[in-house]
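Here the structure comes first, spelled out in structure tokens, and everything after it is commentary.
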Amino acid sequence: MDWKYLPIFPESASNFAPHVDALYAYLVAVSAFFSIAIAVVIVAFAYKYQRKSDSEIPVPLNEHGAGSMLLEITWSVIPLLLSLVMFGWGAIIFFNESKPPADAMEIWVTGKQWMWKIQHLEGTREINELHIPVNRNIRLTLTSEDVIHDFFVPAFRTKTDVVPGRYTTEWFRPTKVGQYHLFCAEYCGTKHSGMVGTVYVMNAADYEAWLTGGGAGTAPMADKGAALFQELGCVTCHQADGKGRSPKLAGLYGSRVELKGGAVVTADASYIRESILNPLAKIVNGYEPIMPTFQGLATEDQIQQLIEYVKSIGTKSNVAASPGAEKAGPEQRIPLPGNAPAKGVPAKTPGAQQ
Amino acid sequence: MASHTDHSTHIVPVSTYIFVFLALIVGTVVTWQVALIDLGRFNVIVALTIAVSKATLVILFFMHVKYSPRLTKLVVISGVFWLIILLSVTETDLLTRTWMGVPGR
Amino acid sequence: MDSHGTTVLRHHFENEEQQKEASSLGMWVFLLTEIMFFGGMFMAYLAYRQLYPDSFAAASSKLDVTLGAMNTVVLICSSLTMAMAVHSAALGKQKMIVFYLVATLFLGSVFLGIKTKEYHDKFVHHEVPGADFHPEDWPKNVDMSHASLYFGLYFGLTGLHASHMIIGAGMLLFLIVKAHRGAYTAEWHTPVEMFGLYWHFVDIVWIFLFPLLYLIDPHFGK
Amino acid sequence: MLTATKPPEKSTNYLTDGYGLKSWLLTSDHKRIAILYLISITFFFFIGGIFAAMIRLELATPDGGLLESDVYNKMFTMHGIVMIFFFLIPSIPATLGNFLIPPMIGAKDLAFPKINLLSWYIYVVGGIFTLYVLITGGVDTGWTFYTPFSTSYSNTKVMAAAVGIFIAGFSSILTGLNFIVTIHRMRAPGLSWFRLPLFVWANYATAMIQILGTPVVAVTILLVAMERGLHIGIFDPALGGDPVLFQHLFWFYSHPAVYIMILPSMGVISEIISTFSRRKPFGYTFIAFSSVAIAVFGFLVWGHHLFVSSQSVYAGMVFSVLSYIVAIPSAIKVFNWTATLYKGSVTLSTPMLYAIGFIGLFTIGGLTGLFLASLGMDVHLTDTYFVVAHFHYVMVGGAIMGYLSGLHFWWPKMTGKMYPVLWSKVAAVMVFLGFNLTFFPQFILGYLGMPRRYHVYPPEFQVYNVLSSAGATVLGLGYLIPFIYLMWSLKYGKDAGPNPWGATGLEWQIPSPPPTANFDVTPVVTVEAYEYHAQEVVEVG
């Protein structure tokens, strides 16, 4: 129902929305049933057993005043069972929302006091606006430069806190073309109410046009990352052939890294970010802790570009060219399927070449 | 009313105090020396067991909980129990942050 | 509480037994709040020691363990003298109450003296979080940015403990004056007993603080 | 001054037992301290109410023209702080609890009368700090003080507000301590635990939470102050701090704190439903134990405030299932109250109207809590107006309705005067209707996705916001009327005998207003709780 001025439901524009709405319907049904039942019973009892005279003393129900174990058990077990259904259903939705599919299209979001800065892999940058293709799994990696914000799109029924000092992840698949509200849902200071934006879900062709048209001229993130890799002097230690004093970065992203002290961690975005800002926290086995911290030398956006660069030198086969000349130009992106509803069609991400 | 101890305060013999006192001193010295040996992860466990046993000694004998009504024992146990709730339930988040393998989940 | 030693039954209690048990339960419930009060800060300590074990070990190795151990022994002795004070109060030995209370106060002041010396050393070595926080000869391969967390928690926990000691010392002075005037007899010495519980609690907190703060990794980087 | 105007030919009572400021400000009589608390929390209730009115006025229009954004932020922050820490938490324990627990258990006073007075003074000092914050610019961090905004980015009076709340916390601790010791140690002979009125059980469970939870928020505020002052980095990510750890420590107290606010009201409702259906509460032991169960399980569920805050998925699942378990005792209570009416002799006097209103609104509040405990649902609903509606249904529809119900039930006992029946019933209905008009539209706003703490919102939310603002005016008026006629009743109210409602319980066997020592001789209890017998006195109202 979509009355302009008295809407009851927000638009259902993502793959999660129908599930969340169904759970909402179940919860409303259970709540309405119990609220109305209790109200009716109270009014009925209040009317039926109203006091006739001041000296009227109701006869006690049974010997020890009033109570029946059977009744107590029934109205404990039944609400518990109804509640556990609520728990299970909610947990399943939450678990699905926490595991982004491998083929999701990556977008970087940075919250900053009172604006949303968004970076696409192709290099396009947006403020308070997010252009995404319909029926495509989108994975957002979010962080904040100052306080806690919250990336909330009611139409997608998804929300994730954006916490300074770490990455958080959110994924959805928009299912309906249109424009939807973007709110900041965690109080973040004076302009908290102003930190809003719009999410434009476009069909594939318009998205392509927008991407190449609007965003033309800016190099993809991976290229900016490569340039930064030189500029900040990372290449002096992290040499392509691994002979430098530091670990080789080619093929690092997503691999298992063995640390000094025996722990093994996966090299995801958080690992790389921590190694840039706080290198002494996790030392790779067999290497000396000599890397200086880049805290303050690289902004959040630049760190994201460096991570994209490290991802772009993902597999061994494409490391032949020297890191600087890496050209992850647009032609390498796999053309998007038409606007046929791509129910989970495994579209290749630009990074993982064959 | 729950009044069941005959005499208001139980007189604890001085010898018990001396014995507990020595145990505490020994405990401190042991904690200190054991910490110098590198047992890896066990250092923390040993240190905490000694500290807990010292604390129990102080509670039972110096604070007379051994001779106090059951209610006092209940208060002590519930205090420790709530502290463990705070520590352990918060740890369910802190320890499982990387299990999912997805940043921030 | 008049001063010539007879028990005074407060008007709203039935008998001394009830009044005595009420005070004891009241004190224990108060100690419950103290457990949770320190518990919150121990939670912060646990969380950050887990996240940054190396920084904590490095920062903890800056502490003087002998001073810490001495302080623990001093506090344990003060617990003994406090227990003896309660013991002598129960036996009605007026002189001995005053003696043991003074001994406890003395040991408490020794503890605070050692503590001030430690704090002084930290100020001198710039190990106090805040404006000029840069601990000297910091091991190169350990990140110093998290050291301020350790020292913040160190000052938080020991500061909280020391403030409890100072309040305890104040109450001790009050008790000594009253005991000297003979206010506490075998029948009625509840204030001494209650203060004993408080003092032993503060000692227990230090029994945990010593290993957790001082003995993280004594031979780190040596 | 609250002095009875009648020439004191009647036996002196606690109001006439000493006049002048000194007799009130240095009293150690639990009844006078309860009156002191009653005055001070009513004062703070109206201050909090003014902020609520400003918020609703601002939200009547989508572009928020009335207040600048930082002024609005200070308004909702002060509304939260004043209402929670200075009205809701002390409201029933410190006034009705202080006044009634000693007479209900046959004692002359609480275990530690001087500590009780100290608790009021600490409350007043905490209140003065908050008023200082209010006058000199307010604080804009929200009542939750989330870091790193509160520690590094807010430049308003955060330190002073933190000190105010830190001090007020100890007032709550001391009240809890007094109640636990009194209920354990000072019950009249023959008054076993299962003969205690359920109001005493509820306040006992509340005292447990006050004792075990408040210190943790005290130390959390201390850490915020240390972080703001010394910048040790404990909650600042740049220095390795973890803002989510603050949320854990904060909500460890603040969720049980919502049970501090609702449990005493549940105790009041058990008393009133039993009195006005003249029947022993159905499943007495179940209601009693569900209070304690709420107090215990209440400490295991705080993580449902952190579902989207980068808390791990597995911890989220643990907290979600525990949150459902803690909802069961509340459900048991509601069912048992409803069953108490069965075959009773029910009269709809004013306290009963408020009590039935409580059950209706608390049920909706509790059930909407189940929405927020479900992980998938909470992702969409948290930090939206759904949460605002949920906690207002529980706190305003529940705690304040329970408080008003108790106030109207025990007012004759506290002051010896009856209030006008018609006006009180009109006010009760007005509060019920005004409340629903204010907060039910906010559920719909919440599902539509209007975030909390916004003073500018998209135009399609305006209709619901205007409805809500309209409801707020009705609710505000609804609260003014009881204030007026209760004050009026002090002077002109009819004399209420010792037991105008025909209720059971020791406090109804002493004159109203009761003498300073409550009982001349400590009663011996031989009957079970809630034994109703024929009433000779004509029942009033």
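Just so it is clear, A, B, C and D label the chains in written order, and each chain counts residues from 1 on its own.
Heads up, the rule we're going with is that a residue touches a chain if its C-beta (ideal position, glycine included) is under 8 Å from a C-beta of that chain, and two chains touch if they have at least 3 such contacts.
Please read these numbers as outputs of a predicted model, since none were measured by experiment.
K.L.:
Specify the chain pair with the maximum number of C-beta contact pairs.
P.N.:
A-D
K.L.:
Any idea how many Å lie between the Cα centroids of subunit C and subunit D?
P.N.:
Measuring from centre to centre gives 36 Å for this pair.
K.L.:
Averaging only over C-alpha atoms, locate the centres of subunit A and subunit C and give their separation in whole Å.
P.N.:
47
K.L.:
Quick check: what residues of subunit B touch more than one other chain, meaning two or more?
P.N.:
1-2, 71, 78, 82, 86, 90, 94, 100, 104-105
K.L.:
Note the residues in subunit C that touch 2 or more other chains, in rising order.
P.N.:
14, 18, 21, 25, 29, 32, 36, 39-40, 43, 47, 51-52, 145 - these are the residues of subunit C that touch more than one other chain.
K.L.:
At which residue positions does subunit A touch at least two other chains?
P.N.:
As it turns out, subunit A has residues touching two or more other chains at 98, 160, 163, 166, 168, 278, 295.
K.L.:
Touch graph of the chains shown: is it line, ring, star, complete or other?
P.N.:
Shape of the chain contacts: complete, all pairs touching.
K.L.:
List the residues on subunit A that touch subunit C in their complex, please.
P.N.:
Touching subunit C: residues 278-281, 283, 288-290, 293, 295 of subunit A.
K.L.:
What part of subunit B is in contact with subunit D in the complex they form?
P.N.:
By the definition above, subunit B touches subunit D via 1-2, 71, 78, 82, 85-86, 89-90, 92-94, 96-97, 99-100, 104-105.
K.L.:
Note which residues of subunit B are touching subunit A in the complex, please.
P.N.:
Residues of subunit B touching subunit A: 98, 100-105.
K.L.:
Please name which positions on subunit D make contact with subunit A in the complex.
P.N.:
Against subunit A, subunit D makes touches at 64, 69-70, 72-73, 140-142, 144, 146, 148-149, 152-154, 237-238, 240-244, 277-286, 307-310, 313, 316-317, 320-321, 324-325, 327-328, 331-332, 334-336, 338-348, 356, 359-360, 363-364, 367-368, 370-371, 373-380, 382-384, 444, 447-449, 451-458, 460, 462-463, 502, 528, 530, 532-535, 538-539.
K.L.:
Subunit C touches which residues of subunit B in the complex?
P.N.:
Residues 1-3, 8-9, 11-12, 14, 17-18, 21, 24-25, 28-29, 31-32, 35-36, 38, 43, 47-48, 50-51, 54-55, 58-59, 61-63, 68-69, 71-72, 75-76, 78-80, 82-83, 86-87, 90-91, 94 of subunit B touch subunit C in their complex.
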